[in-house]
Every structure is written in C-alpha cells, then in structure tokens.
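Here it is, the structure in full.
Chain naming follows the written order as A, B, C and D, and within any one chain the residues start at number 1.
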Amino acid sequence: MADDLLRDEADLTERGYSRLGEDPASPLVDAAEVAGQDLEGPGLEPEQEVLTINMGPHHPATHGVLRLIVTLQGERVLDLKPVMGYLHTGIEKNCEDKSYWKVIPFVERMDYLSYFFQMEAFCGCVERLIDLEIPPRASYLRVIHMELNRIMSHLVWLGTSALDLGAISMFWYCFRERDAILDLFEMSAGQRMHTRYFQVGGVFEDIPTGFGQKLRDFCALMPDRIDQYEALLDRNEIFLRRTRDVGVVSRERLLELGVTGPLLRAAGDPWDLRKADPYLAYGDFDFSIPVGTVGDGYDRYRVRLQEMRESVRIIVQALEGLPEGPWIADDRKYVLPPRDEVATSMEALIHHFKLVTEGYRVPPGEHYYAIESPRGELGCFVLADGSAKPARVHFRDPSFVNLQAFRDMSVGGLIADLIQNLAMLDPILGGVDR
Amino acid sequence: MLQSYLPVLVFAGLGIVVGGAFALLNGVTGPRRPNPIKGQPYECGLPSHITRTFRFGVSFYMIAMLFILFDIEVVFLYPVGVLVHATKSVFVLVEILVFVVLLLVALIFVWRRGALDWK
Amino acid sequence: MEVERESLRARQPRARDLLRGDLEGKDLEQYVEERLLTTTLESALNWGRANALFPLTFGLACCAIEMMSMVTSRYDIARFGAEAFRASPRQADMIILSGRVSIKMAPVVRRVYDQMLEPKWVIAMGACSSSGGMFANYAVVQGADKFMPVDIHVPGCPPRPEALLHGFNKLQRLVRGQPDLGWRQRYNAVGTEEWARFEPGKPTAEAIERAALAVAPKHSETGARPDFAGDEDSHA
Amino acid sequence: MPDAPGLELIAQEIEEGRQGTVIETSFDHGRATLIVNPENVLHALTWLRDTPEQGYRFLSSLHAADYLPASPRFAVHYELLCRERVERIRVKALLNDPAGGETNGSSSAAEKLPQLDSCVALYPTAEFQEREAYDFFGIVFKGHPDLRRILMPEDYVGWPQRRDYPIGGEPVLFTHNEIESPRWFE
C-alpha cells in the first residue's frame, strides 16, 4: 500500500486530467458536478477530491478586488479563471462627458499607482492630436516626475509582495521611501497622489526653488536604500525557495499574450518603449534596460529593483540638464495665458474666458499614443469629434493584458506559488477594471 | 503533602480563570445581533457553494502523522537535562542517545522514501 | 477644548474643599461618585473597544494605498491601538471602505459587513465611498451609505493619512460614547436640516428619504438603472 | 511608421490577396490606418502578421469605438506593432448597427448585435480585450472561446459605453438651478 501512495505526482496530474476528460482551457470544471460523479473510476482514487473555491474580491493577497475561481486538487491548482470588474468605475464613459482639461483627474485615477504615466499618456495623445510642441523644460520635468512615480510604484509593489511572501518588515521600509517621494510630489504639485501636475502643453506650475536640492538628496540616498532591500531579500532562503523557477512562461507565449513591461523583460526580451520608441526627453539620457534570463519570480523581482536604480540615474541626469525657460507651451488657443497678462491685455482675457468656460476644441481625428508605465505598455486612444469633449478615451492598461498570462503561470503549480505569481505580476485593479 | 502541590493548584486555577474569562466574557458582554448571512461560511465575500464535507488528500495525513511522531519524541526529551544532572551517570546519557539514534534512523528512512516532499 | 477648561476651573474650588474636609453629605457623595471611575460595565467595555479597534483590510482603490501608508511608521495608527489589520471579517471590529464601491462590488461589501461580528463600525474613506465622488455614472454606487450604515465619512480624494487618523480618533470618541459635537449642535443649528423643513421632529429614515426625493430635480439623464439581481441572497 | 506610399503598397498587396478587403487608407498624425471590410478582417490581419517583410506580430491593443452620428456606427480598432522596426499600424473594421439604433437599454430577445470574426486564434492577447468590447458595445466576436461580460455584472442589461446609453448616476441634490447643457444627441 505504501508503494503506490508515493508514486510520481506528474503521473497523478496527468491521469487527473484525462480522467476528468477536459483540457484546462475549456470553461470551468464545476466541482459540485464533478464531485457528484463517481470518482472511483480506474484513474483517480477518491482521496483527491476536486474543489472549486473563490479567491474572491475580498482577499488579502489579491492586491485589490480581483476574484480568482480556482479549481484545486489538494494543494495543486487545476484550473484558474480570473473574474474582474469589481472595481469598474466607468471612467472611460465619464471622460466622454467632460471637456479635455477636466478629463485629466479622471484619467489619473485609473491605475492609481502610476498616475503621472496616465496623465502623460492622455496629454501626449491630445498634444499629438493638436500638434502642440511642449517646451524642453516641461518634458524634462515630466520625465523627472514619471521616473519618481516609477520608483514609488515599484516600492509599493516590493512592500506588498514581500508582505505576501512573509517578509513583513519590507513593507515598512518601502513605505518609508515612498513617503519621501510623496513629499517631493507635494512640494512640486501640491498633493501626494493624483496631483494633476501635467497639463496639455507642459506642466501647470514650475518646481519651487528648494525642489532641486531635495531631489538631489533623495537621489543620493535612494541607491543605498535599494542595497538594503537587496541585502534583506536577495539571498533570503525562503524568498529564493518561493520565487526561484516558479511561474515561468516562455517569451513567445508572453509575446503572444501581449505581455509587456517587467514581466517580458524578466523573460529576456529587452523591450522598453523608453528605448525602443523614445518619447519626451528620454532620448537625451543614457540608462540601461535590466533584463532577466529565466523569467521566473526571482527574475521579475531583480528586474524591478534594477529598474529603480536606473530611474534614479535618469532623474540625476535630468536634474543636471534641466533647461531654463517656459514650463508650459505658449499657444493661447490651448493653454491658459499667465494671470498678470489677463488683467492687462484684452486678447488674454478672451482666451482665458474661452478656455475656462468651454475648453479648447480639438480638430476631428484619432490617435493612439503608448508609453512605458511601471507595469508595461500604457496606451491612450483618444477619438476627437471636433467638440470640446473627447468622443472616446480608451486606455490600453498593461495590468489588464498581463493578467492573461497569470493562468499560464499558475495552472499546475501549488496555491502558494499562485500567491507568489500574483504578487510578482503586480496587477493594479484600478487599471484592470478602469 | 499539600504544601508541595499548592503552586501547581494556584497555577492551574489561574489558568482556568483567565482562560475562562477570555472565552466567556466575549459571549456574555458582546451585543448579539444574529442575521442569516452571519452564519454562512465566509468565502472572500461571495456565497460559497461548497456543499459536501471536503476529503483531504493523503499528503496532509502523511505530514500530520510524521509531525505527531517526532513531536512526541521531543516531549520525551524534555526531562533529559534534569535526569542527567540528577543521576550523573553515563548510563542514562547513553540510553537517551540510543533513543535519539533510533528515531533518527526512522527519520532517514521516511526521508529517503520521499514521504516528506509534498505531492 | 473650551468646554473642558471651564469645567476644570469650576471643579478646582470643590477639590480644595474636599481636601480641607469641608465637603460633607450630598456634595461629598456626588463628588466622590464623579471622581471614582464610575464605570458601568458598558463604558469600561467601550473604553477597551475604543483602544483596540481592529480594522478589516478592505482596500478597494486609491484610498487603499493611503490607508496602507497610515499603518506605516510615519503616521502609525498603532499609536491608537489599530495596527492589526485583520483579513477575515470574523476578527475585525471596524471596516474602512477605502475606495469607490462599484455596483458589482456592493453586494460583496454588504455581505462582508453582515459577516462581521458585533459591535462593528464603518469608516467611509474618501469622496468615492462617501458619495460616489467624481464618478457620477452607471458603474459606481453613489455613496456606501446607500446600502450599509456608515459611522464616519472622511473627506478627500485620497484623504491624507492624517485626515484618516483624525477620522479614526473621531470614531474612537464615538465608540467611547462621547461623540464630538456635530457642527449643528455646536452652533445650535439643529432643526435647520433639509428634512426638518418638511416634518419637524424626530428624523426618521423615511422622512429623510421623502425630503431628499422632494428636493431632487428631474434631470433628463437618470440612467437606465439595471434591476440589480446580483447574487440570490443580496439585500434589496 | 509606414509612410503614406508604403501604406498604399500594403493596401494593394492585401487587395491582391482577397478583393474588397481594404475600403480606405488614411494617414494622419504620423500614423497609418487601414480601414477594412469587417467580413475579411482576419485576412488582412493574417497577411500583416505573417508576411516576412511586414512582421506585425504584436497586437498591442484591440478596442471598439462608437461613432454614433456616422452611418457605419461601430469600429473595432486593432493597434498592430512590428517590434523589429518599431512601427505601428492601425486596422479599423467598421460595423453598422443592425439593431437600427432603437433604445439598446431594452433587452429585446432578438437583439441584433454587430458581428465580427474573433482574432483570438491569431493574437491570443485579444481574448480579454474582445470580451471588453463585447461587454461595453455589444459587438459579438464569432469564434471567441468564452464570450461573456468581463467588467460589468454578468446579468447587466444594456451596453454601457454606447454613445446613446445615458451616463447614469443619480442627479446631484440642490443643483436645480444648474442649467443642464443638452447632450449633443438630444
């Protein structure tokens, strides 16, 4: 009896599948009806009953309100179906009812960890629709704030993912640095999150005088803080056992599924829109793209940590080369004239009044503009019908598309690996559900 | 006679009183507002469709048995320090070593058979 | 704070009389009774509950990130005894609704709230869970108090961690049984509420509802609200 | 980006493959757009993906849009990307609304929905995005493995992101003096 208890597990899963007579891609196996079946058939002994449970919307490890219908056999995941929409806020519908400059606060609340990126995606798209060139200082400021936001987004990911894998103290260290970054945002844009700092035509306010010095201190401090995180986790036996060779998906399969960002780079493909299709001022900086080899959880972790270092390098270079000059374009049809001018010149008053009441009209046309957000390619499609309100705003959210690879990562693994895969995938449910 | 057992009694009494307080106080003083949903199993905020009792896989059973086996061994090793100190004889030490080695052999057997790695 | 300072000054002479032994009879009993922690069991329990409110991790959207940063060392809700974020409703006393509640999520939130054990409190964090916030559209429930009782509304989008801590302190005072004076009591504006114009006297829920509907303008845009079947057991 | 003449060449070669595929080509804001007949959109996509010198093997986004006043009302956009040459091309399939635009809130059983072939076989990434297009616009993708609503509740009635679907939400109290600017379709 002891002998067949210890037989090879691949054999069991293999027969487990054939016994249930369905391939994993088909609609969900319903445990009730399977359990009802007589399992005493030749294949599966009764001891492994198939169970379908909800790792539902309210779960500490789903990083938001993602619901996973998981079919389990003991600890092994047989099938997995993500169900989304529990945070669907109808943002794209609301944007169709707002004038262009009112859309920005909606758009940045989608993926609430990379709000500067979504502002840039929308403003960049509209600027290309109206062929408006933003001044160099504005594009440098945008790059600085976006890279700070990338570091902050990776910090929140590192804190919560290490929390999921049991390294609870990482949460406190990462949020300590996050608060340092949010102080910088508060200094330059006035608010910690959802700052609405970018405007079509540039940024809406120049950075205050002390900002450069504070940013330099932060950039000096950040690299050795990253060393501290790596010292904590890199050779941590539990972390290695949990992330090494877990959730590996081949590069071709990732590309087929449209996965981009750190997941794709961890699999060995150096695809980063900042290098491939440089936008804003990324062409002026030299930074490298970290690339993994195997594409397992550990590579995804190392790629993101190295990306944080690269972002610090970019910020330092951007800060050194910050050009003087206007921080917002001077085209009165689309950008508010300076306040003092409104008091004196009549045209400025007319422009001001027109922009504030009805907002600027964008000539009919449509454009798709994609940038590199911390989770992958973030694309914004704006369809303008000539009125002051966009006719359609659609965001191609990286988490929404990357979530399709989650099934390939987790089916066949254990539940603990499922939690680790979800943590390393870093989905933000605001972006997934829009 | 009673003198030597008094601390044990006091200790047991305290344990019961404090334990009982924690267990019962909540039920006695907490407000009671039952509603049909509160009784149902909590499955991440959704009604759960698990109707039948769940039969656990053999791996859980194996691990549980091995744990109990080696846990009892540790319990037996508790008085080792006192015994060796009190008797000061090598014989007791050797006897305990034999006990430990026997269980070590059992552990190695179980390990080589592969019962420890998860299925 | 003014209220406390006056009463403190008033109490000092009597304390001096007690020390000199001039207080007797009824004054003495009344004085001793006030000073003694006259704790009915309830107020002692409330004191215990207020200082150990375990919140339920209910991160919905952006406010969840600020709620998380409230737990970290800089704002540190552990100073008020609420550091242990419990994941299961059975062990939580309080639920912080941090983020927008969509119509698909509402029955889940309601179910988790029902499965929490008494006594339980609710903080609606941020504009979205308090009133639907900026998302007045088909997908978001316009305020969590449409389907569950809410004790504290914390304004902001997202509110700063300090604002949430202030809301948490207000909740602790509410739990201790001495809720802060609302602005209506402080400026004795009780009775000027919207519903009071129609039916003065005790504010029943129906009165508030009727008044709100009477005042609500008829916009052309009332969406085709889907008759929400949801799961079979979700409440009306 | 394939410039204007390049776009014309692509259009002709697709035409040779199968007549009547490309209806129109447009080139604005530096982006090439192929407007394609919905019946053989798969032909155009397969050609763009498989011919060696084109190499548009990455579908970065699939989204639908509602051009209500225009007659072919719906359009499904395929944002294709060739990673070797970092070039993007957009394929647009225009679909008219068989239901003739009567109120889509009603759940009339024989609700006629625009149909289109699903391209999940070509680009597996389209699975979720096609479900989203179906969920918000009611565009049925024939051949999709699991066409269900993805973001709205499964039993929701109506297609929310169509332009004639009201934005919903409750009227905000105490705004009766705010003059309601009529939406463009009223």
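Everything below uses one rule, namely that a contact is a pair of C-beta atoms (placed from the backbone, for glycine too) under 8 Å apart; a residue touches a chain by one contact, two chains touch by 3 or more.
Everything numeric here is computed off the predicted structure, so don't read it as measured data.
Novice: Can you check which chain pair, B-C or A-D, has more C-beta pairs in contact?
Specialist: A-D is joined by more C-beta pairs in contact.
Novice: Distance-wise, how many Å sit between the C-alpha centres of subunit B and subunit C, to the nearest whole number?
Specialist: 42
Novice: Averaged over CA atoms, how far is the centre of subunit A from the centre of subunit D? Could you give it in whole Å?
Specialist: 24
Novice: Which whole number of Å gives the spacing of the CA centres of subunit A and subunit C?
Specialist: Distance between chain centres, rounded to whole Å: 33 Å.
Novice: Can you check how far apart subunit B and subunit D are, centre to centre, with Cα atoms defining each centre and the answer in Å?
Specialist: Each chain reduced to its C-alpha mean, subunit B and subunit D end up 61 Å apart.
Novice: Would you please write down the residue numbers of subunit C that are in contact with two or more other chains?
Specialist: 104, 108, 112, 135-140
Novice: Could you list the positions in subunit B whose residues touch two or more of the other chains?
Specialist: If we look for residues of subunit B contacting two or more partner chains, we find 45-46.
Novice: Note the residues in subunit A that touch 2 or more other chains, in rising order.
Specialist: As it turns out, subunit A has residues touching two or more other chains at 56-59, 85, 88, 90, 93-94, 433.
Novice: Return all touching chain pairs.
Specialist: Taking the chains two at a time, the touching pairs are A-B, A-C, A-D, B-C, C-D.
Novice: Give every residue of subunit D touching subunit C within the complex, in rising order.
Specialist: Against subunit C, the touching part of subunit D is residues 105, 152-153, 155-158, 160, 165-176, 180, 182-183, 186.
Novice: Applying the document's contact rule, which stretches of subunit A touch subunit D when the two form their complex?
Specialist: Residues 25, 27, 84-85, 88, 90, 92-94, 96-97, 128-129, 131, 255-260, 271, 276-277, 365-368, 370, 377, 379, 381, 383, 385, 387, 391-392, 394, 396, 400-401, 403-404, 433-434.
Novice: Once bound in the complex, which stretches of subunit C touch subunit A?
Specialist: Subunit C reaches subunit A through residues 57-62, 64-66, 68-69, 72-74, 87, 99-100, 102, 104-105, 108, 112, 134-140, 157-158, 160.
Novice: Which of the residues in subunit C end up touching subunit D in this complex?
Specialist: So the residues of subunit C in touch with subunit D come to 103-104, 132, 135-140, 142, 212, 215-230.
Novice: Which stretch or stretches of subunit C touch subunit B in the complex?
Specialist: 41, 45, 88-90, 108-109, 111-112, 114-115, 117-119, 231-233
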